[in-house]
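Quick one: structure below, then a few questions.
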């Protein structure tokens, strides 16, 4: 069972916006691990996986596993529209020493639920690492319906689901229907990690833990301890990050741009972002810097 | 400030499927009030408001206020595409003794946020009762964006928002941004009332409290008391209702049909439903009866 | 069989934005009839039907039928979420002398196709005038699927369908599957009336014929005559109206605001618009006036 | 300027469902060319491009160009979420002798229009072959708005747009606004090719021309000749294919499955389909065979 805070790692890029920045990747990983998170998830939505070439994806897998060196489990996103490419990424992950792979539904054609079920079952059969489902309907167009998840949970190689739908009714139904099933249920949006853990969820795959890993770990621990005064104090900081860092600039990519901008403001990586996106302009970067400063000074007081 | 469990009352209909069934309305109201809920909300989505004629809506407002007789506050849905009709319903509500009115965005044309803001501000100016916003984007097509809500919360006659989007990230942002503002934030989906109250929400407008008002009140009380053993016990029952009563039959209207079917199985009202919907067929009704029986026997043990 | 150009009439309003402006309604109807259109459709989407009170809707039906005085057939929109209100509007229409009624699907709850079929069949049974289906999925959320339309076309009182989906593949399938069935198929968007008539459609319900009825009639006639030089000349004017009058200001309501603004610029009605919308501000009105001027001078040369 | 019928070629696969079937690819290409089409488009939506590995995509490009051997122009889909992979596919296409490349928007993240514009401009700068835009909002989530297309049409290396939105109002606006601009506008859906060509479009990228290339070419020719008797005769056959081959089985993938099933019934390729899809079961295949038989016998009479 996977529990706790998993960091969906951003992918540090060189100034050509497409090549892996290995030096800053090392920086970032050390920063994250030092914050006490329970796992690292590379090549997810926050990791811009689909926007990277396969060469870059492979390099990131290998470098990350080398740097982490088994200190925490590494989860690798193998989401792809081609099952052959997903399987190839899984093989690289296995070879590199990753703990598990994570796959959202193929995202070009919309799928019927039966098609989706057959796809996942077949994928789980063909990868040598345990498989996490990843529900992300806003991006993939295909929701992994409750019934489909229940059937897939029967596969011995499918060990959990990360839900980034932000539909907590959906999540809560899964928590109820999969109780005592040895199946991990993690939420994407960091704004609701605490409450879903209070209600039986296993943890969060929270982007903000790239910047402030200690905060999300502390909030998780306070939640497990049911220390509500501490929860409120930390949740407010999580909400400040959410409303002041992720919503600058144009909608859609503002989360990604804010996250990389925030990490650049903290001096951990450069803010380069892969096409089709472009980094924040100076105006937004100034806002990010100012807000990060403010959040950091608050954080230093409570952590 | 409105806190607690508000019942979004179903509208009991005679066998012509369009006329108000006053006798069973009385039954239902007494049943709900005896369960200890904190308020009654008529003419909402669960109340099939838009499917009823204006004559029937007016009659329901008057009869309900008479039956309730100020024992608990009555909230009246005035959601309409015509502002004149909304204002007329508000006037009837005021006259009848209702406590507040509730309005979702006009739902035929999609609205821009500026149009939406101007609409709500003008409506709040023109109704004599306090106004609750009602976010229901799946039905109205127009989301009440965070920024719009913050600006509307400045109007002295706008006192809260009911969110039925099921997007708890949205709800949690409102809780954070409107903290200490004397603005009630209630959630629609009963599956997440407990967790949103734990994180600062004010309560739930929960359809299931038509059938089992004591359950939802007990869960709310356990949540306020942070009695997690009790929360888990009761939340499981809420989830059983959610997964076994609301998801029979065809998608979309299954919630409404299940709810009225459940109330009929309990002998509280007849299952008649207004066009464009049709009541469950015998097959689904049998499933409802069986599941209600099972839930009721469990409930009797814990309440 | 209904063929040709039907004008979906805007509803002239007084400066309170909610009351019918009878004087300008007369102006507008005479203007439209003098342009030679084949029918008048009131209380459609262009007519802001859902935003008007029932009193105003009833008044418009009665006044319009009186003014038209059987010179051309009058079609009345009875689209509503309450079937009782739809039936009441149909009775008023019958009494006033209208030729047929038009109904889009109920638009608050999304409907399954079986629910939709049963709804329409029952409605057709209960109205004394012939019924036109109206497909408008962007506003009603429910598409009238091909299969459903084919089954409904069997009802002796359902005489046609107006399609405003802009999905011409859908429309073309209906043309093919309902060939020789005595069932009228009209398109909403004026940009594609000519081409759909060339391929077997029966005509257009074209908003622009409020402003320039002669243009749309001339284009229809040229299309019937397969006079391609004339078609191109007139189609260019239709496209100029589409791109220069309907796309100013904010998306969604820009069509309505541009249409009423254009009619005001032509001196036919005032630009008042019902809530939740607001009329164009001066800046957009100036653009409308300038563009209308330009189009009018071109039109004067070719008509 | 590209005019006429372009075949969006399906990708023949071996029974492993992932490897290119070179033998049947040759069959299919000869069949298509013998039908007189004006161009061949590989690796589009009909070609299951996103579901194939990069190795298979590269192989298909090289084999196709070799087989075609410049008899007709070859267009290659380079749609991808990674710009590096798109550029790599363009380089292979150039080397192999293709005429142009075609790209839909990146399809994992939704893009803002400014982001989309910058992405396409940059892509057009970096590929050595002329670039066709490909609007496919149902699959990519991002519509290429009118304004964006107009600005992109200024790039000397962007030569046209294929629109598969089925929104013919959108298409007709582009035809009007890009008149005399040396910019090709082609539609995807074969049901509307004739009418869009009548109104100024340049042709169709019609999947059915995999099966019956002569039919679509004959319809195009009849359209250019404005031979309306012939158009009606042939359009009816196109509609019969549309309604009897593409709509069997489950929604979404039924088009692809029907197309490959139809080609198998004609003995041109095997029906193997790449994951995440699965070929039709025997029941649907029998329906396909029967319908193809019927269509073929009709076709033999008119062509």
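Think of it as A, B, C and D in the order they're written, each chain with its own count starting at 1.
By our rule, contacts are C-beta pairs under 8 Å (C-beta built on N, C-alpha and C of every residue); 3 or more make two chains touch, one makes a residue touch a chain.
The structure presented is a predicted model; accordingly, all values stated were derived computationally and were not measured.
Undergrad: Report the chain pair from A-D, A-B or B-C that duplicates the C-D interface, where duplication means over half of the contact pairs agree by residue number.
TA: Repeat of the C-D interface: A-B.
Undergrad: So what angle, to the nearest 5 degrees, turns chain B so that its CA atoms land on those of chain C?
TA: 180
Undergrad: Indicate whether more than half of the residue numbers at the chain A-chain D interface occur in both copies; give same if so and different if not.
TA: same
Undergrad: Cα centroid separation between chain A and chain B, in whole Å?
TA: Computed value for the inter-centroid distance: 35 Å.
Undergrad: Provide the C-alpha centroid distance between chain B and chain D, rounded to the nearest whole angstrom.
TA: Averaging C-alpha atoms per chain gives centres 49 Å apart.
Undergrad: For chain B, give me the residues that contact two or more of the other chains.
TA: Residue numbers touching two or more other chains: none in chain B.
Undergrad: Thinking of each chain as a vertex joined to the chains it touches, would you call that graph a line, ring, star, complete, or other?
TA: Topology of touching chains reads as a ring, each chain with two neighbours.
Undergrad: Across the complex, what residues on chain A touch chain B?
TA: Touch list, chain A to chain B: 166-170, 172-173, 176-177, 189, 191-192, 194-196, 198-200, 226, 228, 232, 235-236, 239-240, 242-243.
Undergrad: Can you name the residues of chain D that touch chain A in the complex?
TA: Residues 18, 45, 50-54, 56, 81-85, 88, 105-112, 114-116, 118-119, 122, 138-141, 250-253, 256, 274-278 of chain D touch chain A in their complex.
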